[in-house]
Each structure stands twice: as structure tokens, then as C-alpha cells.
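Chain lettering (A, B, C, D and E) follows the sequence in which the chains are written, and residue indices restart at 1 in each chain.
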Amino acid sequence: MSIALGLFTIFAVVAGAFFFLAGTVGLLRFPDPLTRLHALTKADNLGLGLVVIGLLPQVAWPLGAIKLIAIWLIVLFAATTVSQLMARAARDGGPPV
Amino acid sequence: MISTTTLFGLSSVILVGLGLFGLIVNPQPLRKILAFNLLGSGVFLLFGVIARRGAGAGLNSDPVPQALVITGLVVAFAATALAVALLLRLFQETGQAITLDTEDPSIHAPARSNDP
Amino acid sequence: MTIPDLLLAAAVFVLATVALGMVRILRGPAAADRMMAAQLFGTGGIAALLLLGVATEANAVLDVALVLALLAAFASVAFVQGASHPDGDDSKETHSE
Amino acid sequence: MTLALAVDIGLTLLVLAVACWTLAVRDTFTSVIGFVAYGLLLALIWVRLAAPDVALTEAAMGSGLTGLLLLGAAARLQNAKNISAPPGLALRWVAGVLCALVSAGLAAMVLLLPDPAPTLAPAVVAHLPATGLGNPVTGVLLAYRAIDTLLEAVVLLPALLGVWSLAADRDWGGAPRLRYHRPDGALTLLAQVLPPFGIIVGIYLCWNGADQPGGAFQGGAVLAAMWALILTAGLAEAPPVSRRWLRWLLVAGSAVFLVIGLAGIGFADAFLAYPAGYAKPLILTIELVLTLSIAVALGLLIAGPPTRTPS
Amino acid sequence: MMQDPSNLLVLALVLPVAGLLLALVVGGRYAGRIALWLMPVGLAIAVMLVVSVIRADDALVYDLGGWMPPLGVALRADGLSAIFILTTVAVIGATGIFARTEFRTLPGQPETRTSLTFWALLLALWGALNLVFLSNDLFSLFVALELLTFSAIPLVCLDGRAGTLAAGLRYLLFALFGSVLYLLGAVLLYGAYGTLDIGLLSGLVRPEPVAWGAAALMTVGLMAKTALFPLHFWLPPAHAGAPAAASAVLSALVIKASLFLIVRLWFDAMPALMNPTAAQVLATLGAAAILFGSVLALRQARLKLLIAYSTVAQIGYLFLIFPLIVRPESGSFAAADLYTELAATVVSTSAWSGGVLQAVSHAFAKAAMFMAAGLIAQSLGHDRIADLSSIGRALPITVLAFALAGMSLMGLPPSGGFAAKWLLLTATIETGQWWWALVILGGGLLTGGYLFRVLAPALFGSRQSVTLRAPVARYREVVVLALALCSVLLGFVRLGAFDLVQIGRLAKAGMGLP
């Protein structure tokens, strides 16, 4: 059982880390803000999500798990809000900083 | 092999140097406030390293410096808030321009009398 | 390789990708681009923190990540708002949507 | 080289890079983003230094609230012209050499620190049972060095009065105004969804602080951030600074602390001492009230001076 | 519980803090009343403290929370603390009476901005000063310094004009820079010795690199807060637009607090480091401050700025005590034979007493001068020195007070300033350091010069009549005169009274002092 959970953790965390890499590459290589945004939001939320899922078996139940999921939900929610605001800023061609 | 505490200890003193440099060299008040925070965090980090070095009695770190750093962080925040409020008010008073130059002519103007 | 080792390795990897993303903060060109990089930085930082904490069995790390997630969300929003409406006094506000 | 050390080296390089960049970058607003990222990295370093209480404070206060404050200021100052001239090349060099010397000197001292390091950890642990607490850091903050914590709560009041004193005379008694952005659906949604989470986390941190990492300052900072979010989104108005209840909230923490401390002279033979057996409940009482007062004080520090003329 | 005199230490600390909390809650016109009612209580506590210290003939110590250092924090009142606490309450009390009507809320009116902030911050400032003089822990002292800064700066820029705000911001940045350096030093000391308690440190600190580094950092940081040359830039602009009451406490008390800490640091926390070279360096900076500040004071066109530069100069005298206590030829304290040890007794006593007397008499004199300048500016609508002709005829009491305070500043007999400078001169002759005597005498002449610039036209101006724009309340003039008289009358205090300074000196055993 614990071996299976361990494998699950390994798999999910590695996959999560891969999505972080993908997000970064997208952020660096895509041509314009909106496509970069696309790469970023998909990747970093999935990345964190997979890391969180992978870590679930490794933390104390239930408080640790609740905290992990809460962290993911908060980040997901914030990222959604922020990306909408950013997309609007990008569309309006906000002032270059 | 270099130890964690030495590594963080050395980076904390570099942060102190960087913060000092920013505080002295940067003319913009907001950047000076930022540099002050950088400088402060370097000092706190050094204290954290000292705490870590003092691990013992079943604790991974000496709790006294940790508690003091918490106090220090709160005080630094209060300082930043006061400085930012002063800066924003100064901006409001002067319109567009902000200066902290010593050669500010206005200080040599006569004091405003406060009679009604 | 044990699970904690793997988690640590994953933390290093995520930190490295996040560092790579900083290039985007440097290059910009638009405010939104810097913003996205900062957003990635926040999510990646939280992921690295979780990985580190679980690897070293420091339970309090979950609390740290929770606080970080809450405040990073707010900071991102404040940033987007500040960057897209620089002269942010609502007395002069004209809503154009 | 162990993996843990690799993490530490990576963190060190990253934090130094971000710090340099924060200082070097031209645009102030971008520099503040750098600072927020820097705070996040510092929280990670505090975790690596086995100081989760400090990591929490850094996340909430050092990076979170300070970042918010600076972001707000940078946004407002974007049109500000700086009419003071940047220092000349000579001064830069002198300052650079000076700071490098300071760093080098400090580095030498860090390397010269005694080994084994002097520590108060055994003393803290030895007396912790007398306080009934499980978290040694809280023990230091609320028992051994309670005076520092009391003063730290008090320090926020002059700082806040200082901020308030920057109001225009006609606005005195009015309310601060944090909402300087246009109303926005996404922001409103965030301000509706996030605060319930945040309030739970804040209370949890305060409550947990007696035995686990956390405490009044961390909890208060999270609560303050949530309040500021609600104000920023325009879902609520900041209260006028003349309100009596607001003043009571502000001083309640320090006042309760002071009263319990003074009661210690009579019941426990010293100012700020707790009677045997009552230490933990008294400390928890202080922490709870303190959390509330700190949250209000920090929130008002972010909100700034009153800018609305009282009606 | 009142039988134990060490409870006075707690009371001295709690009283202003409780006053701050109360003033903030009730606000309105009660804020001022609370402050003014607490001041006599504070005065009584301070007097009782002085009496208790003399009676005990030793320092009073209070372990807060019953926890002994190094784990806990101790309050400690020696003779030096007692004198400064008494001076503080006297000057703050006078400031309170002086500012009573200026910062009041009229009955039936809503609370005004200045009426709440002034009184609440004055109480906070008082509490911070008492803590600086009482705390025996380097970190509590850091918090106290910050409390002091946060209370002093808003007081200074209460008028809200751009110039004042810029000066306030610069002051804040200097002060924060100073406290960070101070904290860095304290951190290093903890890293090396594992305690922040001054008493424990005094026995632990060895002349080694870490201790030297800490001492240097802390001294530079505190110098920035004291406005010692060449870190004095922030002080004169801060005074330029400050209310007279705020200027009075800033120059008289606030900058003395960080100076007090420098003295605590070198003589109490790290006596092993106090060697002739360090002492000469500090005194050289002091001498530079005396000359530089005086010359700049001579060139000012505004009365307030003249007084502010005079503060820069007068602070310098206090740094001259270092080489007078640490004699250059002996090299180290421990290695002195019986004869020189006896000589050290005499010399250090007069240098100590002179230094303390200088600090106290300057506090009273400078508070009086700033308040007098405030009254003059208020009644004339300006404070241009060139246009002060014959003001003595219109405001005789104010100008008399200014002249008396000036007398003390110049060191004319029989004032407190004279006694202080006389003691310092005696110490220079006895230790054979005549060059510092020249500095003291030269500084006195320059002080006479810049005060003459003000007093000569004010007293003997040719203008027939001066029209005042606003009348000056008599009681305010009386307060100013009382402060000036205090400064002069200190010269009549039996010098033996200043043996109080020696009570509870931490390092006396280690240094061969009495």
C-alpha cells in the first residue's frame, strides 16, 4: 500500500514539476502576452495541483490534507482572477512598466 | 563543505551591504524605503542564522532570536507604513515633484505664524 | 532514492524553473508580462515550499504556504490594479466599459 | 553535496539575484514586484533555518503587508517626478566600496562567531512547562520577554497616530479611503471569496500559536490583509477615525496586556508575571485580544490617513 | 507593594503608556487633560526614584515577569538613569503647560487633528524615553528607540507643509538607518555572547573583532540618531518647521536618549573595549561638531535654525567626556598602580559630573530657547534674526529667559553650563589633555558670538516700538523663564549632589573607578 502511495506521489510530483517547466518555457518563448498567459495559467495551476495531489498521501490526515487543498484552491482562484485582469490589461495595452 | 548556516550567514551580510548601498545611493524616497527593508531583512536573517547555530535542548533553533525577529518585523512594518504615509502626503503637497535634498529652500523661509 | 530526496530534488527543479521565468520579468515588455512572471514566481515558490516542508517533515510549512497563498493572491491583484490604472484616484474615475 | 544543500545554494543565489535586481531596476513599480518575490524567497529561507514562526511572520508581514503598502505607494507615485539628482559616479564608487567593506567585515565576523554557539535554548526549554505553552517562541514572546511584545503592540499606536496626523485638518474624524481603483467584477469576487478563508486562517494561527508555530502577530496580519482586501474592493468602507469603538479596539490588546501584567505585581510578585497555573489561559486571553487589536492597527496603517471629510 | 522601591521602575514605565492608551480612547479635549494630570504624578515618581536610588546607594533592579536575564529582561535604575528620568519629566511637563492652549479642543467642538496627536504622541515619547533610561536589555532598547522615533517624527511635522514633511521623512530615514545599525550590532553581540543584557555583557565582552564590529556599528547608528557631526544633516531642517513644543523635546530630550545609549554601551555594556584610541576618535568627532555647528549657527538667518545648529554644537561637548574618563597615558584601567588609580577617581568623577551637568543644563536651556523662539515667531509672525531689533522691549520676559538660557549655553558663571564646562576643563587639565580645553573654550567663544547676534539687537536695538501681531500669554512666558532659570540654577547645586551619577555604575569594579 505504502509503495503504491509512494509511486503515486513520485508520479504526481514529477508531472507537476514538468508542468512548471512547460509554463516557464511558454512564458519565455510564446510571442505575445495573451498566448503567454495561456501557457502560464494552464501550466502553473496544473503544476501546483499535481504537486498538491502528490503530497496528499505524505501529510497528516485530515488537517494537513485540508490545508493542502485549501492552498491549491486559493492559488487557483487568485490565478483565475488575476489572469482575467491581466488579459484585460493586455488587451487595453496598459502602460508599459 | 560549507554549512547551511555559513551559507545563509554570508548571504545575509551581502544583503546588508546591498541594502546600505541602496539606502545611500538611490535618490528616490520610495526606493530608499525599499532599500531599508532589504537592509532590515539582512539583519534579521543574520539573527536567524545565529538562532539556527544555537540549536540545542531538543530545539532546531534558539527561540529567543526568533521571537526578537518577529518583534523586529512588526516594528519594521510600522516604520515602512509611517514612511510611506509621509511620502504620499509629501507628494500630495508638492504636486508632481518629490525631493529630499538638504538644500531645500523652503526651510529657510520664515516660519508660518499660527495666529488666527 | 527515497521519497524525501525526490521531493527535495523536485523543489530544486521548481525553484530553477521559477528562476528562469525571472528573465521574463526582466525583459517585459508589457506590464502584463512582468506580472505573469511574478504570478509564476508566487505559485512556484509555494510549490517549492510545500515540497521542502513535506520532505523535511516540517508540518508548520503548510501554514506558511497557506498564508503565502492568501497574501500572494492579494498582492497580485493589487499589482494588476495598480499597473493598469496607474493614476489610481477614483475621484477622477471614468468607467469606459 | 547533499540535496538539501543544493536547495540552500539555489535559494541563496536566487535571493541575492532578486535583491540586486530590486535595487538596480529603474522603474520603481517593477522594483516593488521584485521585493514581493524577495519576501517569498525569504519565507522559504526561514523555513530552511528551522524558524517556522518567523517564516509565517515574514510571509504575512514582511512580504505580504509590506508588499501591499509599497505596491499602493508605487502605483500612486507613478507620475511623480524626482527632482533630486542621482548621486555622481564618485559618490557611487565611494558608497560601493564602503558597503563592500561593511559586508566583508561582517562576513569575517560571521565566520569568527564562536563554536559551539552560545544559546538560550536550554533555558527556554527548562522553564517552558511553567508557562503551560508548547511553542517555545510564544513562550519567549509572551512570558520571558513579555515586555518586548507589550511594547511592540504599543509601538503600532504612535505609528498609526503618526500616519493619521498626516491628514488634512478638515478631514480629521473622517475615514481613510483605500479604494483607489475602479470597481471591478473580478476583484469584487476575489474580495468575497478570499476573506472567509483568510479569517479562518487568521483565527487558526492565533489559536494555534500557544503550542504550534503561529501567534497574535501572524494571525493579526492575515486578518488585516483580508480587511484591506475588502476595503480595496469597495465592499466595505473604512470606519471614521473618530469612532469610539475603533479606538477601543485599537487599544484593547495593549490594555488587556497591561492590566494582566499589573495584576501580576499583586498575584505573582512581578510586573508581567503570571500566577502559577493560570499562565496559559491568561496568555491565550492576551493573544486573542491582541490579535484583534493588531489586525485593526495594521489594517489602518495600510489604509493611511483619513481623507474623507466627516459629514 | 509600594514598600519595594523597585516598583517605581515599573510605574515610571507604565504611567505614560497607560496615559497613551487612555488619551487615544477618550480623545477630544480629554487627551490634553490626561497628559497634564499625569505629569505631576510622573514628577512625583521621578523624585521618589531619585530619593530611593540615593538612599539605596546602589542601582535599583527589577526583573520583569520574575525572569532573570539572560532569559528575561531587567529594568535597572542607577544614578544616571534617575537624573535623566527627572530631567525628562521636568521638560515634558513644562512643554505640556507651554502647549496647553495651542493644542486644545474647545468645549463642545469635535476633536481636532493636532489636539489628539500632540498629546498622545507626547505621552508615547515620554514612555519611550523612560524605557531608554531604564531598560537593561539591548533589544528592548531597540524597541524603545523605535517608539521614540515614531512619536518624535509626527510631532516634528505636525504643521504638514511640504518642507516640514520632507524634513520629517529625511529624519525618519536617518533614524531607521541608525536603528538598523544598532540592531545589527546587538545581533552580533548575541551571536558572540548569547545574551543581550547589559549587565551580563559587561562581564563577557572581550576586546575581539566581533565585539569591536558590534561596538562600531551601534555607535555609528546611535550617532546618526544623536545628530553628531557628520551625521547631523537631518536635525536643523527638522527643527525649521516643527512646533516650538516639539523642537523643545526633540533637542532637549530625544537626541539625548541615543547619546545616553552610547554612554551605556561603552562604559556599561562593553567596558573592556573602552580604550584611549576609541575615546579620542569619539572626542574628535565631538570637537568637530562643536566648531562646525557653532560656525554654522553664526551664519543662520533664522532664529530657530540658529538654535538648531547650536544643538549640533552642544552635543559635541558630551562626546568630550570619553577621553577625559579614559586617560591616554595609562593605556588600560586594570594596569594602573595605586597612585594613578586614585587620580583616575578624581578625574573621572569630574568628567562624569561635567558631562551629565552639561546634558541636563543643555536640556533645560535648549527647551527654553526653542520655546522663546516660538513665542517670538508667534508674536512677530517671523523669526528672522535681522528683524528682531528691540523685541526685548515688547517681550521682556521671553527675551530675559532666552538670555539666561544663552548664558548657560555659553558657560558664563554662575549657570549650570558654567559648572559643567568648568568640570570638563578641570578634567582636561588634570589629565593633561589641554587641546580639549582649547576646544571647550573656543566653543564657548563661538557660542557667545552667535548668541550675541541675537541678543544685542533684541536688547539694545534702536527701534522705538515693536508692534506685535499676536499677544503672548503670560503663563507661557513664565514657563520659558522657569526652564531657563532651572538651567542657570543648576550651577548652584552642590557639586556633591552629582555623586549621584556614580551610584550603580556597572563597570566601576572593572575599571578601577570608585
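Going forward, a residue touches a chain if its C-beta (ideal position, glycine included) is under 8 Å from a C-beta of that chain, and two chains touch if they have at least 3 such contacts.
Predicted, not measured: the structure shown is a model, and the values here were computed from it.
**Q** Show which chains lie in contact with chain B and also with chain E.
**A** Common neighbours, chain B/chain E: D.
**Q** What are the mutual neighbours of chain C and chain E in this structure?
**A** D
**Q** For everything except chain D, show me which chains still form connected clusters by touching.
**A** When chain D drops out of the picture, the chain contacts leave these groups behind: A, C | B, E.
**Q** Tell me, please, which chain's centre (mean of its C-alpha atoms) is farthest from the centre of chain D?
**A** Result for the farthest chain: E.
**Q** Of all the chains, which has the CA centre nearest the overall CA centre?
**A** Located nearest the centre of all protein C-alpha atoms is chain B.
**Q** Would you mind checking which chain's C-alpha centre is most distant from the centre of chain B?
**A** Checked the centroid distances; the maximum from chain B is A.
**Q** What is the distance in Å between the mean C-alpha positions of chain B and chain C?
**A** Taking the average C-alpha coordinate of chain B and of chain C, the gap between them is 23 Å.
**Q** List the centre-to-centre spacing of chain B and chain D in whole Å, with centres computed as mean CA coordinates.
**A** 13
**Q** So what's the Cα centroid distance for chain A and chain D, whole Å?
**A** One centre to the other, that is 28 Å.
**Q** Centre to centre, by mean C-alpha position, how many angstrom separate chain A and chain E?
**A** 57
**Q** Mind pulling the residue numbers of chain B that touch at least two other chains?
**A** 16, 33, 46, 50, 53-54, 64, 68, 71, 75, 78-79, 82, 86-87, 89, 99-100
**Q** If I count partner chains per residue in chain E, which residues reach a count of at least 2?
**A** Answer for chain E, listing residues that touch two or more other chains: 71, 139, 143, 146, 150, 153-154, 157, 160, 165, 184, 188, 190-191, 194.
**Q** Enumerate the residues of chain D that touch no fewer than two other chains.
**A** Within chain D, residues 4, 29-30, 48, 50, 53, 65, 72, 74, 76, 79, 106, 110, 113, 117-120, 124, 144-145, 148, 152, 155, 159, 162, 166, 184, 187, 190, 194, 197 contact more than one other chain.
**Q** For this structure, enumerate the chain pairs that meet the touch criterion.
**A** Pairwise, the chains that meet the contact rule are A-C, A-D, B-D, B-E, C-D, D-E.
**Q** Would you tell me which residues of chain D are touching chain A in their complex?
**A** Touching chain A: residues 27, 29-30, 184, 186-187, 189-190, 193-194, 197 of chain D.
**Q** Over in the complex, which chain D residues touch chain C? Could you list them?
**A** Residue positions touching the partner: 3-4, 6-7, 10-11, 13-14, 17-18, 21, 29-30, 33-34, 36-37, 40-41, 43-44, 47-48, 50, 52-53, 55-56, 59-60, 63-65, 67-68, 71-72, 74-76, 78-79, 179-184, 187, 190, 194, 197-198, 201, 204-205, 208, 212-214, 218, 222, 225-226, 228-229, 232.
**Q** Inside the complex, what are the residues of chain B that reach chain D?
**A** 1-2, 4-18, 20-22, 24-28, 30-31, 33-35, 37-38, 41, 44-46, 48-64, 66-71, 73-82, 84-89, 91, 96-101
**Q** Per the contact definition, I'd like the list of chain A residues that touch chain C in the complex.
**A** Residues 6, 9-10, 13-14, 16-17, 20-21, 23-24, 27-28, 33, 36-37, 40, 44-45, 47-48, 51-52, 55, 58-60, 64, 67-68, 70-71, 74-75, 77-79, 81-83, 85-90, 92-97.
**Q** Help me check something: in the complex, which residues belonging to chain B touch chain E?
**A** For this pair, the touching residues of chain B are 16, 23, 29, 32-33, 36, 39-40, 43, 46-47, 50, 53-54, 64-65, 68, 71-72, 75, 78-79, 82-83, 86-87, 89-90, 93-94, 99-100, 102, 104, 106-115.
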